[in-house]
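Each structure below is given as structure tokens.
In the two assemblies presented below, chain A is common to both, partnered first by chain B and then by chain C.
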Partner chain A sequence: MSEQSAAKQSRLLRGVHKTVTGLNPVLESLLAGVVGLLIGAILMYIWGFNPWQAYIALFKGAFGDSYGWASSIARGTPLVLTALTFSICLRAGMFNIGAEGQMMIGAMASVSIALFTLPSGIHTIVGLLIAASAGAIWSIVPAILKITRGVSEVISTIMFNWISRFLVIWLGVYVLVDPIRAEKTLSIPVAARFPVIVRGTDLTASVFMAVGVALIIYFVLWHTTVGYEVRAAGLNPTAARYGGIRNKRTMILAFLLGGATAGLAGAALVMGLPPSYAIFSSGMPNLTNMGFDGMAVAMVGRNHPIGILLAALFFGGLNAGGRMMQLGSNAVPLEMVRVVMGAIVLAMSIPELIRLFPAIKKSIENFAGRIRDRRERRAVKEAGE
Partner chain B sequence: MTSEKLNTSTVESNAGYFLRGEKMTKVYSDGTVALKEASIEIHTHEIIGLLGENGAGKTTFTKILSGLLPPTSGRVLSPKGPVRFSSPREALDFGIGMVHQHFALVGTFTATQNVALSHERPFTRVQLARAEESLKALMEESGLHVPLDVPIEKLAVGEQQRVEILKVLSRDVDLLILDEPTSVLTPLEVDELFTLLDRLRSEGKSIILITHKLKEVQSVTDRVVVLRHGQLVGDVPTEQATTEQLAQLMVGQALDQDAGAVELSDQELPVHKERKPVDRTANSVLHVESLTSRSNTGDIAIENLSFDVFGGEIFGIAGVEGNGQTELVESLTGLRVPIQGSATINGTNILGVDPRHIYKLGVAHIPEDRWELGLVLPFTLAENAILGVHQWEEFKGPLSFLRWGKINTHVRALMDRFEIRAAGPSAPAKSLSGGNQQKLIVGRELAKDPAIIVASQPTRGLDIGAAKYIRDLLVEMRDMGRAILLVSADLDEVLALADRIAIMYEGRFMTVCSPDDLNREQIGLLMGGVEREEARV
Partner chain C sequence: MNWLFLLNYSLHAMVPLTLTAVGEIVTETSGLFNIGLEGILLISAFAGALGAEAGGPIVGLLVGMGVGAAFGLLFAVINTYWKGTQMVTGIGINLFAVGFVAFGLILLGAPGFYDVSTSSELTPIRTGMGGVSPMIFVALVVPFFIHWFLKRTRAGLILKAAGEMPEAADVSGINVNKVRILAAIFGAALAGLGGAYMSIAWLGSVTKDLSAGRGFIALACVVFSGLNPLLALLGGFIFAFFQGLAETLKTMPNKIIPWQFVSMLPYIVTLLVVSGAIGRVRFPKALGVPYKRE
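Coming up: the complex of A and B.
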């Protein structure tokens, strides 16, 4: 290969690198979305459904009319907040898997405002404050375990998820239980509820809170010294230390911030979820998995608050539209939506795979070259003899 | 021994050479052309010096020659056939061994275990007794002696290097490639190494010595190969080349007086003779008294150090790396809490104080490791330019908002003042070249308007131009009356810049004096731990 053609080829490779990896995270996430939908389609086809019809039903249900949009946004709202939890901690260099538990604690904490009355508006704010602080306080223990004892936050937050789940069930069954309907907790008083924005849907004003929090987190991370320190410590703790940044402090701070947003997600799921405005203790259908789905949203949203807003809308749409997919003659089970979500998360690793291509190519070339060399070496030897 | 350029070549021309590289070209996947049609013939009984600046292609050259990196075009031949391997192990089997700057040794293993490890195939029984036996025989034969029952991490760097060389020799190699072997050694150890290389040559081995020190090339090699920007620009018998010629080949054009002197004169660096008398009766800027610190492993790393650094002087600390320099710098810059002693800057205590408070006292710290300590590589230029000063009033508005407008203005000023070549304030720091990264750090630190500059290995890994620029800046700061603590493993740099030098060995100062009070031999002995009284003899 001449030098010129080699340079040309390397330029080409670099071009591939730029479009599919590194340069354009938006493209990468879109690609992952498409691949996820494709995998879902293949599975549907294997199981005898018509994927085309199913997806039309899904997207019509999600974004076809104002009702669909409202439902999608409503389902995306808590995901924004739990995704922020994961992202803030990731930016600080930690894997906080505890959004699920922190969100549940926040949700149950917000139920407690049913025990007293306050003027409307103030009551909502108090509810949010209680939920946020509960989430934050709940996240302190894993944070302290990490910085004092070196306990991996991955392990401790997963364990805390189970502790929170059963603590919340216990509170819902024995403490904050609705005396009239024992299957659910007390309902949030009318004065404290987020008002419904689109009548007939469950889209409430909690979406403004979620978007507001995302914007605040964006400004904190990229426009304040606090966020600067968190990001520096996450990317290079040694250099952060050199820069006078107290890494333990930024860790605690990131955990507290993350816990607070998870708590707010819990509040949004109770104070902003008509018609019951309460938690159903058996199985907690409105809460379960909202923390874990948030991690998927964070990944697709590339751990950036703005990206998270878009990704949450997409995942909310999948959830909302998935219900429409179950109707009619081509009734695809709702579980297929979760398959698609899982496939999307897996597809997020495609850029990494593409990055591997040159390496694979190189090793093949190397192997071929060695076989050639061996032949030549043998020829030389024979000639010598 | 011939050294003509080779143009014709056939595999059949059997004897006379051990390895032949023909028009080797390497283009990396990012488009970098690291090597352009370089041809070379390596003979037995020969030591070749490979000269070149940083980034001249020395590493690529040796990697291709040793068959570990397939060339984009061209080929490497030996009388035994083409040379191409997929692992260092295969290369070793073939008879090519390389000793890297960073040793590939298991720290908790002994020398015997390390050598045995390099012989083992997967899933076979380790035969330690036999390995020890053959290693002893090899030590006898080669004259290289190392303790066999001590873990590698307890050995001195020079001894570790010997283990690495033994490891390669034990594989019975014909070509030994040494990558900057002397950078970690004391002058005495360098002499021993060269004696060994001599002996290996007489046994018929070929040796490639990668270096940037001209004196070494002239003292030990038979032939010098010079690379510049990926091109082989010189291949001459050593005795026919003058230092001036080699330096010129290496850097390409005649440098201005100062920079030319960098590689030419006996001192190798311009001595800043215009040293101004320093008033050492006034109060010192940095006052350190009986400072004692532990290393990360818990051993005493520096012991009872006491010294002063005055305004208007460069206090240079020389010594082989790993003798406590890192711990000393860390103790003075808030990164390590000493166990005893005191240190003050203009009367204010700095021991155990957080770095951000120390910076406020007027301390600038140019760290030894710019990727680990000095920069957050994925951060932008602007973000890196405020590391450590991000909490200062000028960059921080109400509600601790960062004033990006002011920061960007500040960064542009830094880029102008310190000749940092980058796309702009929002370019990621990792996209900068090493020299520009170091200029960014130096610029950030000097912009603190410091009373004292702690500069640790400030020019390591930089090309001559960038190194000279940074040395000049340090001298400029000294002439402005700032105090400078310079720690460097580059003895020539310390001798050229410092007004006073301390030689550090095992956590202690062997001596503190003017650089003119000692000759290089004495310094070498002191660096090797020989007391001054003995050193005089």
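Coming up: the complex of A and C.
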């Protein structure tokens, strides 16, 4: 029985890296989340806010009622997709931090469907296809640079993030601009939009697309030869090459898949984000940082599609609830959420996080003991005199 | 075209790139790979500006260095004793810095743009080509000093040993983790100096995207230099020149090319230079590999 349940558990957690401490990886992610929230609380306290009140407002706003749940899921939807971008490439052994740029390109590509009309369902699908292929094409250059010239993808994807940011601004200002309101691009035609599921919120059907893509990626990575090759190349490139896996091909594949999901994230952000269904060219407020936040989601989700879904819900909740945190007498700026995210990622980067606490405890005890010793010695000395 | 403006801008833009790159060279020589430089630049620019408002420009620069060093310490401890993942730590620092600075700017009542008062800025030296920040001379001297340090001193050799063959270094009595921590602190402190320079000696303001990819351009500069500080100085100037060129083209009256494309220029050039530079470059064997004692 216990063996069976262990097997069942291992099947559920398949692909989640074994942690050094042997702790359940889910618990470890939770611990990182708690540590991140704690660091945020300390910072809020230092700046003179009431962290307890702020977090209560945040989590009430995020998961307190159906409106909160709907907005949390809506915020989490694009994060699922950009997190997948990071995870697929990490599984293949690469750090693709270009989700931001690929997502922006995908978003702008999806705007282009406003230029023509098609029957409603087909129009949406065409938009998604355009966005996905734009993201994939955009990600191919860093992949090729990596393979042919050995350029680190960390550098090239960041450079591409900036290039795509300016390219998208240019497209938004000169090419796909709304002739009536010049500050934004054309809006996605009504027929092609993702319909709103919960009235009064911005939760649209794009969430089904995101979950579907996550499940497909799960299937591809763990139930197909291609996925096996990608993961093998990531775990041990040399061994994979001996095993007959063409590492260069898997690298390109991982980048293409990742670029496609990032492009879909862009599509979700435009075709599924009421009320504007468009991109605002100055600053691009609804797009900016979605790619980077996705990396935090990916890490907390342990680079596993199912974990990513849960982590995206958590981070979506932080973003949605963060807006509630801004209200009232204890108004903490929304940016606190990103501070917490960064702290969580920092905590995630420590594989032996759980071990630190006994270590800290021990060192405090040591320190206290040393002080006690010294005091005792001094007392003895004084008594002697 | 205004060549003097271009030269002046390039020299100023060179400072953060060169300082950060040279610092990263020291860090990478010891075997750590810190991609959190972007965040360190940003957060130390913010902290430096606050320090300068409180106690003058020199205090500001020192505060920037201190904040940078603190992040270097954090990065190094996580990635030596706590056996962390260097890339993830770097990404965490970057995310944290973006959030923290945006948060801090709002609390200062200046969301998006914080203007450093002129009295707390580092006074430029007046020359024929306009004001020149004294920090430029620091950026010109530091690479030579680091070059000498790495090539000619015992400490430099120890640093190299920690990055090339940590086992051998350990056997010969070197505390590898301690060496790496010191190197990361030094590297991040230089990045912090570069960040503080940006806010209090060059741009005179703090914005959310102040670092604008400079941390990563500095990484590209390290790749270009092949861990040679003197080449990093040259690389820093090349990248800064194209930033200056973009700025010059933007201010030109006849706008043939839209500014968006002009702004891409530094990033495209960085990509091109890096793809040309790779191949002849050799990095330390143990770069990015945490050292575990058997």
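What we mean here is this: the second predicted complex is superposed on the first by the 327 of 385 C-alpha atoms of A that agree within 3 Å, B and C clash if a C-alpha of one lies under 4 Å from a C-alpha of the other, contacts with A are read in each partner's own complex, and residues count from 1 in each chain.
Methods note: contacts are C-beta pairs under 8 Å (C-beta built on N, C-alpha and C of every residue); 3 or more make two chains touch, one makes a residue touch a chain.
Note that the coordinates shown come from a computational prediction; the quantities given were computed from them, not determined experimentally.
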Checklist line | Contacts of A:A239 with chain B and chain C, given as first, second, both or neither | finding: first
Check: After superposition on the shared chain, which partner residues are touched by A:I350: those of chain B (first), chain C (second), both, or neither?
Finding: second
Check: Counting only touches as set out at the top, which of chain B and chain C does A:M295 meet: first, second, both, neither?
Finding: second
Checklist line | Partner chain in contact with A:E376 - chain B first, chain C second, else both or neither | finding: first
Margin query: Contacts for A:T224 in the overlay, against chain B (first) and chain C (second): which applies, first, second, both or neither?
Written below: first
Check: Looking at the overlay, what does A:E365 touch: chain B (first), chain C (second), both, or neither?
Finding: first
Margin query: So in the complex, the part of chain A that touches chain B is made up of which residues?
Written below: 1-3, 6-7, 10-11, 13-14, 219, 223-226, 228-229, 231-232, 235-236, 238-246, 358, 365-367, 369-370, 372-373, 376-378, 380-381, 383-384
Note to self: For the complex, give me every residue of chain C touching chain A.
What the structure shows: 35, 39, 74, 78, 82-85, 87-89, 91-100, 102-103, 106-107, 212-213, 216-217, 219-220, 223, 258, 260-261, 263-264, 267-268, 270-271, 274-276, 278-279
Next item on the list: Report the residues of chain B in contact with chain A in the complex, numbered from low to high.
Entry: 11-12, 14, 25, 27-31, 33, 36, 70, 72-73, 80-86, 333-335, 354-359, 365, 367, 372-379, 383, 386-388, 390-391, 396, 399-402, 404
Margin query: Help me check something: in the complex, which residues belonging to chain A touch chain C?
Written below: 20, 43, 47, 95, 97, 145, 149-152, 154-156, 158-163, 166-167, 169-170, 173-174, 289, 292-293, 295-296, 299, 333, 335-352, 356
